[in-house]
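Labels run A, B, C, D, E, F, G and H following the written order; every chain starts at residue 1.
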Amino acid sequence: MTLKIYLSGEIHTDWRDQITAAAAGLDVQFSAPVTDHAASDDCGVAIMGEEPDKFWHDHKGAKLNAIRTRHGIETADIVVVRFGDKYKQWNAAFDAGFAAALGKSLIVMHGPDHQHPLKEVDAAALAVVETPAQVVDILKYVLDGKLP
Amino acid sequence: MTLKIYLSGEIHTDWRDQITAAAAGLDVQFSAPVTDHAASDDCGVAIMGEEPDKFWHDHKGAKLNAIRTRHGIETADIVVVRFGDKYKQWNAAFDAGFAAALGKSLIVMHGPDHQHPLKEVDAAALAVVETPAQVVDILKYVLDGKLP
Amino acid sequence: MTLKIYLSGEIHTDWRDQITAAAAGLDVQFSAPVTDHAASDDCGVAIMGEEPDKFWHDHKGAKLNAIRTRHGIETADIVVVRFGDKYKQWNAAFDAGFAAALGKSLIVMHGPDHQHPLKEVDAAALAVVETPAQVVDILKYVLDGKLP
Amino acid sequence: MTLKIYLSGEIHTDWRDQITAAAAGLDVQFSAPVTDHAASDDCGVAIMGEEPDKFWHDHKGAKLNAIRTRHGIETADIVVVRFGDKYKQWNAAFDAGFAAALGKSLIVMHGPDHQHPLKEVDAAALAVVETPAQVVDILKYVLDGKLP
Amino acid sequence: MTLKIYLSGEIHTDWRDQITAAAAGLDVQFSAPVTDHAASDDCGVAIMGEEPDKFWHDHKGAKLNAIRTRHGIETADIVVVRFGDKYKQWNAAFDAGFAAALGKSLIVMHGPDHQHPLKEVDAAALAVVETPAQVVDILKYVLDGKLP
Amino acid sequence: MTLKIYLSGEIHTDWRDQITAAAAGLDVQFSAPVTDHAASDDCGVAIMGEEPDKFWHDHKGAKLNAIRTRHGIETADIVVVRFGDKYKQWNAAFDAGFAAALGKSLIVMHGPDHQHPLKEVDAAALAVVETPAQVVDILKYVLDGKLP
Amino acid sequence: MTLKIYLSGEIHTDWRDQITAAAAGLDVQFSAPVTDHAASDDCGVAIMGEEPDKFWHDHKGAKLNAIRTRHGIETADIVVVRFGDKYKQWNAAFDAGFAAALGKSLIVMHGPDHQHPLKEVDAAALAVVETPAQVVDILKYVLDGKLP
Amino acid sequence: MTLKIYLSGEIHTDWRDQITAAAAGLDVQFSAPVTDHAASDDCGVAIMGEEPDKFWHDHKGAKLNAIRTRHGIETADIVVVRFGDKYKQWNAAFDAGFAAALGKSLIVMHGPDHQHPLKEVDAAALAVVETPAQVVDILKYVLDGKLP
């Protein structure tokens, strides 16, 4: 059993690296959005031409990023969505809703201060955790039936 | 052609009432989440029993509300999602992602200050507007082909 | 918003009648399996001819009943599954799994003594209740946003 | 032709090992739930934190196990569900219903004493057997067209 | 509960009329292919122009008839397929396969002499009967739970 | 049997009116795109604000029109696509492809001079005709089994 | 591009061997039903126990064979169905309908004498041929764009 | 992450070769229609027999080509559709509509003179470009997050 896992959400800390490192040796394949914030913001105009209006600048980039994110979510067995401390992170919640509608197994990661505003997202999840280590514990259990 | 429209998102202003009133006479059916904030927060424990832990208090309520919101989104032709000025509103973005994955026609409503953080949600929409009047103009055009 | 509700499971008490009576006036449509136990057991051979082997006797009846139960579950918005005190009730759990795979909103009703063996079924539900009155409270809340 | 087979149900006898051993050399891939009963019961709280309430203790574990069981069923070509002599085994019947709704080929294994209460589950199956050897005979026939 | 029923297959006897007459008063809606054999054979060229080659003559007609038959099967809850004594009736078996793949409840009607060649079709059915009266008995039971 | 029919394609002649008039009395419901060319081109900016760049002017309008056209195609039983003598009409071919992928019954209408470039579109159709009268003949035959 | 091809229908001549041999070197994977007629007829009772009634004898076998045939059709890119000169061959037409409803590319092979009774099946096909060599010509063209 | 890409549309310039060459080393798999115009036009009659009527000549070929094009689109992650300067190219727009309905990521390539007639196709795309180099820039960005 190989598990394909999409790591969605917050891109300002190294949580993806922590999970990937701790999961070394497990039969898993990770995918993720482009986490270079500047490239992610400017990809549309860099490739398809400048836009004077910020809305269309963002629009071109967001659609281009959607090629990658939709592919990642649609081919995943498990979608992990992490909410951090900063920014609106509506794209993370959007990904969670997208994954839920497709019937993907959803794991949500966030600190206790975000519990109330994330209650609808958590309600759609099969697991709610706080740390990357817990995500890896889940992967180990799902794959091998071993508790930490 | 009857259009079924689900009005998702912000519950602290009267934007739903504005749309419903201005759409009088159109061949439309509106549905929406429970907009009584207190009832929405406490419905789970009020019906199924108290929970000492806030997480499960919220969990019971969020799942109960999901019966209504999933039904509203799944049976809608158009899903309108409004983002207001306050709160995290992750459930609104979750609904938008859920609707997008189901192939629903998505209309997003928000002020210009939220343009950048909502770029991924806007990129999945068929229309991005700022006011309830624009939503009704869209409905009139979609139904009757008449411009405002 | 009309809600279509399928009432699956235990057929030896009057819980369906309690729900239907208490839901009078709500915008709901109920469906259910044939609850006449003898008819349900013998329908296959009564219509399509006797079988000397009990397995095929049951098989003919179970398939005939499936015409009704599949239709009820597939067209429902909400599937309520009640587990009673007696019998194996594997068909109830089967219906719950069938409904879950179709993405139906699932409400499970059972007493506290069945909590542990039903944990997987409960985990797939949006609400777990003990009484018919709670089911009706849920329907009222989902339809009208009113708490009991 | 490689067949992917999910072995659901009873976890207290060695029927999975019997099938796997007898199927050596066949082009099959087996998957199964976690069969360590204690780990399966406690996985949720072991990884995501203790719960004083047994319902939520079980709930966390059941959802975590669902990540594995849903994956196993959804990726399987054939789902084998065995009902043993003890316990309620509602999760086995739930899995059978889930598999049936997804259109999976269903094989049900049980003793003759359970024939009547399992009639609805059997009616959804393509084969009903009593022994692990029969399951392997079926796999050999489906793969190679050879009778035992 | 209204049942929509498509009556496929043999068009040379009055079995559809017998069912429709005997089902008077039941909450059912019947649909069927065009049963005027000559019209069914010639509809394509009559409307869209003559074809010198019999293959294309038939092709045009068969595709035109498919507009009606696909609609009938796709919107049905139950598909009844009758095999008569004459002709190849491959379109009847084709309809049965089409209905089975869509998950429709399938009822097959045929005499005992066709039992062996129809075994694969029967194996996909929820009921196998010999007479129109049995079909109506099934409809009455499915709708009202009453045995004949 | 009510047939829902979407009339896609050329908007510069009165072919839709001819079909609608000739189909009077049939159990059909027609829908169509907005056929006011100016409104269709400008709807986006008229409702959601001017765009200096023609690409985005068109983009806003095309997406707004998609709310209506997707709804029309997705809810139709039959999609009729007419190709006229002028313009590129790529949106008509796009609609045909969209309808084909959804499994809709497709009727294509065009003159003999367009036969070769439309061969792929025709190959996906259940009927290829030249005149509105032929479309109505088809509808009459599909509904009532009567030849013209 | 690897093409997966299911070879359905007539089992009394060596047409499958002819195709397989002539397709040597192409990037194709063939699957097929069990073509040992006796094994196919008796597999159910040989593995799951004797049945005194011929109907159930056949029923057990037909369901067991369905595990293989459904898998073959569902995982195929192309389904080839051959109708021979003898027998009713309703299972072949059933497979064709099943494949058509799943949107598989369908190739039908039969002699000119069966043209009229197979018109509905042919109308659902992307190619109608008479010989195994034509099937292989099609595979070569689809894979490599080379004409014979 | 391997991306499967179908290159649809114009077959008279070497744009596919340019993309394939420039994408050397990327984790991509390309597929495309048969681009030998003469073979594509005549494949049907070359394999399945001459037709005196040009409509059926084309029909046989178009259906045969559909085996390849449908497979290419259905198995692709990304569908690139190029519109050139000549011909009607309705099959390109048909492919775009087909891909859109299946939820594929759509990239449209065309010159600025075709902007207005392609507005509905562009509105369904995640990227609109003018050159093969831009397509490859997109693939590099989607795969590796690197801007050109």
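Simple rule for what comes next: a contact is a pair of C-beta atoms (placed from the backbone, for glycine too) under 8 Å apart; a residue touches a chain by one contact, two chains touch by 3 or more.
Note that the structure is predicted; figures quoted are calculated from it, not measured.
Taken together, chain E and chain H share the touching chains F, G. Taken over every residue number at the interface, the positions common to chain B and chain F amount to under half, indicating a different-residue contact.
Chain A and chain F carry the same sequence, and matching their CA atoms takes a turn of 180 degrees, rounded to a multiple of 5. Interface comparison, C-D versus A-D: the pair with the greater number of contacting C-beta pairs is C-D. Look at where the CA atoms of chain D average out and do the same for chain F: the two points lie 49 Å apart. Between chain B and chain H, the centres computed from C-alpha atoms are 37 Å apart. Centre-to-centre separation of chain B and chain E, using mean CA positions: 44 Å.
Chain F has its Cα centroid 31 Å from the Cα centroid of chain E. In chain E, the residues that touch at least two other chains are 63, 66, 128.
Considering their complex, residues 31, 34-36, 39-40, 42-43, 46-48, 60, 63-64, 66-68, 70-72 of chain B touch chain C.
Those residues of chain G that touch chain H in the complex are listed here as 1, 3, 77-78, 105, 125-129, 134, 137-138, 141-142, 145-148.
Interface residues of chain A, counted against chain B in their complex, comprise 54-55, 58-59, 61-63, 65-66, 69, 83, 87-102, 114-124, 128.
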